[in-house]
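Structure first, commentary second.
Labels run A, B and C following the written order; every chain starts at residue 1.
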Amino acid sequence: MTGGLAVDATVRRGGFLLGLAFAVAPGEVLGVLGPNGAGKTTLLRALAGLTPVSSGHLTLDGVALDDASTGAFLEPSQRPVGLVFQNYRLFPHLSVLENVAFAQRSRGRGRAPARAAAATWLETFGLTELAERKPAALSGGQAQRVALARALAGEPGLLLLDEPLSALDARTRLEVQSELRRHLADFAGPSLLVTHDPLEALVLADRLLVIEEGAVVQQGTPAEVARRPATDYVARLVGLNLYAGSVDGERVSLPGGGGFVVPDHGRRGEVLVAVRPSSVVVSNQAPAGPTSARNTWPGTVTGLTMLTDRVRLDIEGAPPVLADVTPASVAELSLAPGAAVWVSVKATDLDVYGSGQP
Amino acid sequence: MLAPALVGVAFLVLPLVGLLLRTPWSSMARILVAADVTQALRLSLWTASVATVVSVLLGVPLAWLLARSQFPGIALLRALVTLPLVLPPVVGGVALLLAFGRKGFVGQYLDQWFGITLPFSTAAVIIAETFVAMPFLIVTVEGALRSADQGYDEAAATLGASRMTVFRRVTLPLIAPSLVAGGVLCWARALGEFGATIAFAGNFPGRTQTMPLAVYLALESDPDAAIALSVVLLVVSVIVLVGLRDRWLRASPFR
Amino acid sequence: MRRTAPAFALIAAAVLALAACGSSSTPAATTGAGASSAPSITGTITVFAASSLKEAFTAIGQQFEAAHPGVKVVFNFAASSDLATQITQGAPADVFASASGKNMTQVTTAGYAAASTPFVKNTMEIAAPPANPFKVTGVADLAKTGIKLALCQPQVPCGSTAAAVFTNAKLTVHPVTLEADVKSVLAKVELGEADAGVVYVTDVRAAGSKVVGIPIADGVNASTTYPIAALTKSTNSAAAQAFVAYVLSAGGSTVLTADGFAKP
């Protein structure tokens, strides 16, 4: 592989071991999603050269950044990599302009041309009027833009973003997000966007890589991952009920008790079953007669969370389930923590897929 | 909090008040002219400043090494370089003689090969002051380097800065307030240096007799002159320290 | 903690000296005379003596204690100027033996001693490192170029006495250092940093083989005279006066001469 980034490596950091293999094409934005401690930041550090790989290699456009087998290792300062740190790490003693000019100055460019180039970047990012400010005098959104401009001003071949929006308040985040999307689209090389915000990943990334405990658990387009999560973590992120069990014809039995009746596709073996919370029907008594819902079981409400236009119920039972109902239903059914309910789901609302890959 | 603080202030200030109360103000001018104070003062300011520059040039890289590297024996090294802090200065002066004196184990070669003898020279004053004062700078700067956020250094590295560039353009500016504080502390300690200087450099007006030596020797014969000289040293120090504080310590580089 | 910081001590001394100027009272001199009239003396006496007297006085003290069982002699050896300051500041001393008349005058003027008696004088000698690298044979060599000569600063007795030697010899010397006291001069010579120093004969004697002494011709040599006095504020003046008398006696003088001191 010549173009883009190829990773096939393990990285040890303290007692933690990260082992990943994936590739990112030029112009592609790979969203790296995972819970805290999954190894997302370690991955970025390895790519930037701040942590060496223990085995395997990192290759960018055919050039080894780090290769444990040959001993090739490019110092961080020698790598064509731009990294936007989570807290931006803007140099507090330098002005915005000097921050953005830093990479070119470091690579030996004169003061005047580096500043001129930086000024152009500031213009692109709409930061011209902030050029002389120190980072302490910037808002969160402005600092984020300066950090991105600073990384891009080094004209990197690979762009890394570590939780780029996490330090921003909700409103700024939306605004900066669309801007970031534009800049990522303009960037010709491969980009990695580390995040634990699924929405951010869905909006900004072309493809997702989900890692948990140092290993890849799922790869795919945002749509695939959102529809058919491979793990509880992803399911929770995308707001789906996810069950792992074994299927035999139209019966799925779950190891924790309970089971589902699913459309029979003659499938056997280990499967995942995803259920949208909005597909779950809640009532306060067992259905008396026959019903179209093939799956019905009792449970107890343990929690209620107000979402924008609906209420999410946490229901304990075999199996436990998340259900979305309207506020009106909550009142009608007198739903409160401890309330006994019956849950039903249509077999056609269950998405059954193999636990390997979607 | 306030009461102990006031006791602390009193403790530090009262001796100075005592000095000022006993200062022979009316005959001050006559005494200072007779004692040729400018010679000792000029020598003191010059040697303390050179000692500070030498301390910065050698002490900052050493502080960096102590703060940022891991190797066996670093704890011992740290203890060794800060030893002059606890060593009585006169002992330091004797130790300097034994190392760099004409018969010292290093000094004898300086003499044999280059014809350089350090004792009784202005260079010896600077060496003695540097020996005693540099640890103050090292300790201050090392502390600052330890607490400095290394994330900035990493960020600079990812932006293509070599180790030297990182140090010069990022690390150093970020610890600048501590460097200035350490430099001021170092300068003040060098200015007041007495024991190591008199032991290593001896005492000769214009060459090795700094203000503290002049003060001490004046005590033998003329306490009034000693007090007058001390007041001059105090006033000059206060002017320099307050001047520096206003210029450097209050100005945050982050604004 | 009897020794106080010199600065503070001297300030206090200066204050006391100023006060004393106004009312000068001079009690009758009794030094030496009463020693034999007090045969049964007891208790402890404290003797403040110049550093250069350390070896001789320690021996004299032992002899004195042997002659007067019941008496204990405690010494405080320091620079005469410091001792004078301590005495005028009220330090509990019974006897003061000074290396210079100036410091004794300071004490008598302040009324702490009635009168003093000269008991020894100390002449100067050249001290050189054992190898004598500059091959110094006499005072004239000290004026040669290239020699590293250490002297006491002129404000202290060993410095002014050395200056008198050079005046007598009609020499102009260029010392590399003017040390605060005679022991520092000796130290610079012992360490080989100075080629020569001008110190007291007794210091060369005390330094043993660490330095060689090169005598100064009698015609140009100079000396300082040491006075001794029992102090008026003494709480055991009988014993104090007996000690002074012993120092002045043949027995004391033998010890002092053996250490290199000359008769005054």
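Keep in mind that, in the parts below, a contact is a pair of C-beta atoms (placed from the backbone, for glycine too) under 8 Å apart; a residue touches a chain by one contact, two chains touch by 3 or more.
Model, not experiment: these values are computed from the prediction.
Peer 1: Suppose chain B is absent; how do the other chains partition by contact?
Peer 2: In the absence of chain B, as far as touching goes, the chains form A | C.
Peer 1: If I average the Cα coordinates per chain and compare with the overall Cα mean, which chain comes out closest?
Peer 2: B
Peer 1: CA centre of chain A versus CA centre of chain B: separation in Å?
Peer 2: Result: the chain centres lie 55 Å from each other.
Peer 1: Using mean CA coordinates as chain centres, what's the gap between chain A and chain C in Å?
Peer 2: 89
Peer 1: Using mean CA coordinates as chain centres, what's the chain B-chain C distance in Å?
Peer 2: Computed value for the inter-centroid distance: 36 Å.
Peer 1: Tell me, which parts of chain C touch chain B in their complex?
Peer 2: Residues 6-8, 10-11, 13-14, 79, 81, 148, 150, 153, 155-156, 175-180, 184, 188, 191-193.
Peer 1: Show which residues of chain A lie in contact with chain B when the two form their complex.
Peer 2: Where chain A meets chain B, its residues are 48-50, 75-79, 81-83, 85, 87, 89, 91-94, 102-103, 105-107, 134-137, 150-151, 154.
Peer 1: Enumerate the contact residues on chain B facing chain C in the complex.
Peer 2: 18, 22, 97-98, 101-103, 117, 119-120, 198, 201-205, 208-209, 216-224, 226-227, 230
Peer 1: Quick one: which bits of chain B touch chain A in the complex? Just the residue numbers, please.
Peer 2: 149, 151-152, 154-163, 165, 169-170, 173-174, 176, 253-255
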